[in-house]
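Dropping the structures in below, format is structure tokens.
Both complexes shown next keep chain A, but they swap its partner, so chain B is in the first and chain C is in the second.
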Partner chain A sequence: MSKTDDTQTATTAGTGAGTDLSSIRVDDPIVEIRNASVTFDMERGESRVLDEVSLDIERDEILGIVGESGSGKSMFASALLDAIVNPGVLTGDVTYHPQGDAEVDVLGLSPEQLRELRWEEISMVFQGAQSSFNPTITIRAHFEETIEAHNYNMEQAMAHARELLSDLYMDPDRVLDSYPHELSGGMQQRTLIALSLVLEPNVLVMDEPTAALDLLMQRSILSLLEDLQEKYDLSIVFITHDLPLVAGLADRLAVMYAFEFVEIGPASDLIGNPTHPYTRALLKAVPNLDTPLSEMRPIDGMAPDPVDVPQGCSYHPRCPLADETCRAEDPTYHDVTSDHQSACFHWEDSAEAIPLSTDGEHGETQAFAGEQSDEPVVSLEDVDVHFDQVSDGGLLSVFQEPDTVHAVDDISLDVYENDVVTLVGESGCGKTTLGKAVIGAQRPTDGTVAYRGQDIWEAKDSRRETDIPYEHIRRSLQMIHQDPGSSLNPNRKVAASLKAPLKRWEPDMDPDDRQERILSLLEYVGMSPPGDYAQRYPHQLSGGEKQRVALIRALLMNPDVILADEAVSALDVSLRVEVMDLMLELQDLFDTSYVFISHNLSNARYFSGKAGGRIGVMYLGELVEIGPAEQIINDPQHPYTKVLRWSTADLDIEETVEDPPLRGIDIPDPVDPPSGCRFHTRCPEAREACTRAQPTLDGHDDGTEHRTACFREYDESHEYWESEPIVDDADDADVAVGGSDSDARTDE
Partner chain B sequence: MSIEETVPDGGTITGDEASADTPFGTVSSGTMSRRDRYKMLANEWVIAPFKILWDDWRARVGTLIILAYVLMGTVGVRLVDPPRVGEGDRLVSPFEDMSHPLGTDNMGNDIFAQIVHATPPMLEMIVAGAVFTTVMAVVVGTLSGYKGGWTDQLLMTFNDILMTIPGLPLVIVIAVILEPRSPWLVGVIITVNAWAGLARAIRSQVLTLREESYVEASRLMGISTPQIVMKDIMPGLMPYILVNFVNSARSVIFASVGLYFLGILPFTELNWGVMMNLSYETGGALYTWETAHWLLAPMVTIVILSFGLILFSQGTDRVFNPRVRARHTSAADPEEGDEDMSGEVATHIRG
Partner chain C sequence: MINNYYIERTAQAVFTVFAVVTMTFGMIRLMPGGPVSYIRSQLVQQQGNQVDMEQVNALVEVYTNVAPDEPLYIQYIDYMAALLQGDLGVSMFYNDPVTEILASAAPWTVFVMSISLVLTFGLGITLGAVMAYIEGSRFDVSTTLVSIFLNSIPYYVMAIILVYVLGYQFNWFPTGGRISSDVATGMNLAFLQSAFYHAALPIASLVITGFGIQALAMRGNSIRVLGEDYIRVARLRGLPPHDIALRYVGRNAILPMYTGMMIAIGFMFGGSVILEEIFAYPGIGYYMFRGIMARDYPLMMGAFLIITIAVVVGIYVADLTYGKLDPRAGSGGGNREAY
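Let's look at the complex of A and B:
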């Protein structure tokens, strides 16, 4: 069994790297991790999901740990607290240094001591706050239970809890009296942070704490974290797959690849002068707002399987610098500077081999902009979509009173051939509903949706022949879903899923041709050997592969418009560029248009920008700004777009996480949207006139494609310019909880 | 249907139209013979599921037990002579005289022969009852769950009325009025309203499944509703349906035996329940040791069958689990399984 041999050799080599401790020491460590390994016994051999990792966490620092999913970063978090679940086995040392000289050997603690340590000294916040709360008791009860279980003084601790909640921009009384489901996702996550800090721990470990949230909320929470860290002298370990997100926040960064740290250093150093080829590749692969589009490119190859990590440097199969040494030996840490280490033999050459800035050679990229037609393929006119809340089982069902949600309000939009329209906005802004209305998957309450001039719903309902039969329309408008996990039927093999559309639309096709076509498509999107992939079930595919299959399936229908609903959001940052490139490439081949939905401005910029498309910004069911991608990114007009722009982390570390340029970070209730301009409750520029009248996209036609629904775009004569700026008063019910606290912070 | 003609951009890709350099234009080069295709289908639908069943000891034992009963009902009745009055001495104890391995009853009938010859009607009854329950529940449940609207309301109202009628009295009343003799009919009568609960449960599962992205994708691809139900909805329900099929088979056994034992169903043919009734009524099997074997033999027969069914149902949900299936279809890559592993590990950690 060569596999086991490989693993063993890798282990011995790994120990060599792990014992070289001098380079990763810090002066005043609060937690020291030495040679920590986690292994699982698998049928196929030993799976090593954390490989001899050594790292120090300095007192009062924010340490960012960056890695793709499956790189072992969550294992690292669990290892810190000796919380590896059976049958995983953790070896190595974890030492916790409370104040002074005391030392605690974390792995040697009894379960009871461990329980105390976990909340009182080191606490943890996971992704997905919803599942951490008990839905049957109030938030107050959660706090009280925790405090009681650790025998803390209830009064003092509760006072601390209230302070924490208001530090996190929430109204303590209201939050404490709520049940978990009454809070929005962002509030739940902030409450969870407060809960984990209520016993005044010294270390806070956060594993993808914001991944399920909107960017704006992520950014806001991050800016709050920084304040908390200073105020309570915390050491924070922030684990994420999103490099730009932590880049501005963290003091030090550690990059994980294949279950070990490949590069560790101060954030500014690591971003400004990355030396490990993987770090450099990652920086290029991550969509962001600053890097020229032509420079972003995916990392070739795949991350290794924990059972079968390549011998030598684990990155060598993907590394352009790899040579014999790399294949044979596991690199130890090399000092770049005294506090910046890189586990690479050739770190000095990496800057030359993998340049980060344009230098001609790497300038060639395909521009995908296709010819766009004059006549729209799909055109929406004054479309409204309203939902009754009782029947809506989804996200919005948390609100109790049966009320109408204006998911889409009076939107007109044309989609042309070869077009790319990206809709961005926070969750609940109606972007998915609008997208579904475009492809005829959601019946509008009011207004018309026409496909090449034929009203879609009329075609569906009418028994007479319509100009274009409904069947044809149905076929021409397709969708790729957000969650790769549920976009494919788990009980059908890839081949069966892909054959379904062909069988439906080309029933006469020869079965062998059908098979052949599917195989060649799989091959085309990089899934080879295709024969093998065709016989797989969805659970045997990675997220990116599932999305590719879903993409092929949609394209097999030869549609005119594809709605891609957050199609890349669930993928690892480094994979997004690759999948988006593939989508655009196929667009070129098939003359398809995309309606791309994203909450992420970087993805929107990449996708729309590369294809010369548009970006539309949505807020509470309305389209507030629309225009060519680069214009929206570089010259946003609407205050809300500016907020989104702010919320998108970039790789510039000089710029610290500032306070958000808005007055409240929580979205108003969509059941009862604010009067006038819907953004006026959060808009930093809002004036009295904004509460009364509603700005429109067409109110100030200046003839360009870039249109904005804000009074600031109107000419001088508009009453906006005369009216009084809005000053928040604490009772304004529409303003998010804590909105009142925030005005002091925004007048910078 | 001439969809091609209505496409203004001429973008429809059909085999002849598309150029060969796009993967959409590919035409197969080699032909897979009909034989190979059948082989593949057989492998996927018969051999692989069987292998999966065989891998699990519970399913293996369950299958063997069920198989033994089926053999008893088909081959057994030919090998064993039907019981005759006065065939042997009265009330011979079991294992005493090897020509009557399980002894005889008070009329000298061989008990083993009675049990064997009671098997076919019992099996017919079980199958009738289980099939009726499952088919009704699946049809009503999926129809009402997937269609929604007034179909749903109508079916569910009817369903709820059935659910609120107490089962046993209803069955007794029907049995007394109809005096059913055919075992098929008896099976159906016994389960006359037993399917309602299952139908509701299936409906609620369909309601969840129909919101899945892949179902929406199929809808958007214009795939017909029956196809969606068959291909996208049903496979997700199969483990559940199968377990309930077996459960209703068991409840048919118990209910019929109970009803025969109470003498509510007419004594027509030999039947394990009838045997127990006679042993108790005429033999006083509950009070005397001499006739105990007359009661015990059919009882043990029933218990073993029921046990076999339970084991079988526990083993079968694996057949529908794609993770297990994947490991058994030979075409799959031997390296697979790593995805489930990382998935499992991830859930462990989160948990």
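Let's look at the complex of A and C:
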């Protein structure tokens, strides 16, 4: 890592007095925002969700806007198009500068002028691609109606649409003829980007455009965005909660906290020398692959309520540097350099107070590594899980064989006591299915799943007594879900939800003991006063608190293994580290094992790494690499693991978003997986031999725990080394990538 | 396995009809005071006590297609065979083949019901959409109240009120019959006028009491759709408002009501029994009521069968066509949404 915090020399241009807006000016702004505020009248008072915000967007730049959920960043995006949803009221000035000296006062436009400005000049991409399309009309209709509504030449505009779709690595004909639900999430999002660019706007506002996608797809889209930006001279405003994600992409970054910008500056400056305490805290809180595990810290406290923003600097309740001035006065922008501003009185001291350790040394913390047993708790042997899928409706389908989805193919895996196994992979690779098979929630179509030597499904089906009764197994294998909100009954109080499992399994327990146990656990996970929390309903809890309750509920069973399916993905970035820490602490206390599922390698590394566990990498239903966490992260062997490693953005801004080290963006259809090594269709290292034979994890046993299913690990006598590399032309790349269907390759 | 969804669904429909027919057969045989004893008692009344049992059986066979002296399974096969040939027996009351009576009555019931259905849903959907667009306005609130009030009145109560006030008190509308007796049957203007004139009150009583629930359903659906992200995106894309109203809000809001509409067809046929009796409107329901009153079993069973089949076919068609209307249903992944 090159970024160091001894670059305190950056204080050169700092006059400290930059109060007016001159400090945030840029040379050639395409949009100027001045004192923009958005307010909602609420019963509790006026809710101010954008607070006197001023910012310039430079022509042809990519501006990254970063903030936690609820920091007002979506409001800012809507404000650019004067598209605040009723009953929100937008005040201030938004000025748009088309080419030349012309100025457009966006907030003063007539409805018809505004209609023309939107999409023709300033366009927008929303987070949920699926919900941004009308489900009952085709993609083609979406494009056509947009073109028609703006009186563009249909033929030219549709040709442009096709070009955009192929720029985004999709087959235009196939996409245009599809209904929205027929596309995968990544394809939907890319289609939405094409739709927003079809009228050739100058500014593209993207509101969390990749948040719902897995990391690999996010990074792939980002690298495409950079190409698009160059090709079509776009100015892009990229809004996200994920600082590392935009760090490499954006030219400038603006950090939002409590409805205003707290720090603005060139991306390299802001990452290399963050001066606002919040920016620094945010950088520390985000799990990434470079910061040593011991350095990651959650941000204490909560983001403020829009009705009741603290006096003075809105960050002072959470800031270690806060003093009387901070509590009394709202800080203005201080120049760190001529184009780097920080809204903090103590910006010069922040680096010292909140050090960001950036030494390359990975100080290992094995704090939670419990004693692991020799005998596995759960053991999977050659497990297959196949699903039958209906092909397209229609009378003819009656005579078709149902398609088989190979969700899990021939996987063997042992989970020990006090173990942590993290499964990573793209969406649709079978991680969840495998996880469910481990805890006996999904019956394998072939192979065996054994709990302490007892076949789980035999125990369930058998009428005779088995060594370990099924009820006992069921209790011992628990699960927490991704969305804590929907896994708790909304009509039951926390206490009632937590009592239910105890009543079921320990009916003899004294009610007072039960209550005592629940309260002490609530207290333990930091929900105090526990008596108060126990009487709440789920909707009165925050996301992190709900997940804690779900965790306690699973632990009350005293389970041996807990499946945590994307358990922290739905939480705010700053909370993830905290919840993962808690889970590991509880592991120590309860002697349990985790099977943790994540699409995010940083989370996986944090979770598995801290407990000395393993990471398993899945691709299309197969385990392609498994080994100790740090080895997988620092020394990935399988080309696919390397791709995942690439997709996990680190904070290195020197590195621009380069092209992905793989040959296709979309995952092949699991109904008809590729022959040989399943990754060969996307693998940059694939050779002809890979299309025929399938490498296995055990094919080249070198006695270590780190195993890889790739011919490149085999010794030199293997035919792989002799066979021809599979090459496709660089230009051909758009063609090679069809989509989620294997038959989607174009014949262009 | 839902691969054979269409076959499965068809088999289900056929089985339902088959089960109903079998039950009909069982009822004829088993009901106390069934047609056999009914015919015997008729003959006893006519001829005194020297009733020839064979004559009774022959008569029963003529009327009901079932020969009482045969073994049960033969009777059953005979009955089914006759049904498959479209022979529902002979009405004892009218002394005409049931098939003929019902065939002449059915178009009138279909006429009244289809117009009622179109009006109920047309009015309900339009009103509901308007209410959703101006949600919270005075119009919305008052229409909601009126809709709930009208919907809580049973249609037969409304029918009695209408026929009493408009028919008997004011003499504005006829109180019975399908057409005026002085109008010749045929596709001429006078005939159509007369037909509509006579059908007006039955239609009105169904529509007035039926549109409210549809309006409220449409209002709810539309408000839900109006809150969807794609509406916001469509507005930002600058689509003309009427396009958004029709293709975006309208279409997506109507989808969940489609199945309800098909099921309503069945309910309306069922409801025709009382309705047509009140208005003395000779349709299927009217004859069914007559059949019940006169203990005219073949007629009763025939009408019963027709109504059942109408319900089954309505739901069957709804199930099969839903996938065509909503591209998300019926394709791929077994994720058919259950509306």
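To be clear about the criterion, the second predicted complex is superposed on the first by the 686 of 748 C-alpha atoms of A that agree within 3 Å, B and C clash if a C-alpha of one lies under 4 Å from a C-alpha of the other, contacts with A are read in each partner's own complex, and residues count from 1 in each chain.
By definition in this document, contacts are C-beta pairs under 8 Å (C-beta built on N, C-alpha and C of every residue); 3 or more make two chains touch, one makes a residue touch a chain.
In this text, all values refer to a predicted model and were calculated from it rather than measured experimentally.
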item	value
Touched partner set for A:85, first chain B, second chain C, both or neither	both
Partner chain(s) touched by A:126 [first = chain B, second = chain C, both, neither]	both
Partner chain in contact with A:328 - chain B first, chain C second, else both or neither	neither
Partner chain in contact with A:515 - chain B first, chain C second, else both or neither	first
Partner chain in contact with A:353 - chain B first, chain C second, else both or neither	neither
Which of chain B and chain C A:159 touches, first, second, both or neither	neither
Chain C versus chain B, contacts on chain A by residue	B
Residues of chain A that lie at the interface with chain B and also at the interface with chain C	85, 126, 128, 131, 393
Residues of chain A defined as touching chain C within the complex	81, 83, 85, 115-116, 118-120, 124, 126, 128, 131-137, 145-146, 149-150, 179, 181-182, 195, 388-393, 395, 397-398, 400, 402
Of chain C, residues touching chain A in the complex	1-7, 228-230, 232-234, 236-240, 243, 247-248, 251-252, 255, 323, 325-328, 330-334
Complex contact set, residues of chain B against chain A	1, 3, 6-9, 11-15, 22-32, 37, 211-214, 216-224, 227, 231-232, 235-236, 320, 322-323, 325-326, 329, 331-333, 335-343, 345-346, 348-351
Of all residues in chain A, those that touch chain B in their complex	40, 42-44, 47, 49, 70, 74-75, 78, 84-86, 88, 126-128, 131, 305-307, 393, 417, 439, 441, 452, 468-469, 471-472, 474-475, 477-479, 481-483, 486-492, 496-497, 500-501, 504-506, 509-513, 515-517, 519-521, 523-524, 531-532, 535-542, 550, 553-558, 560, 589-591
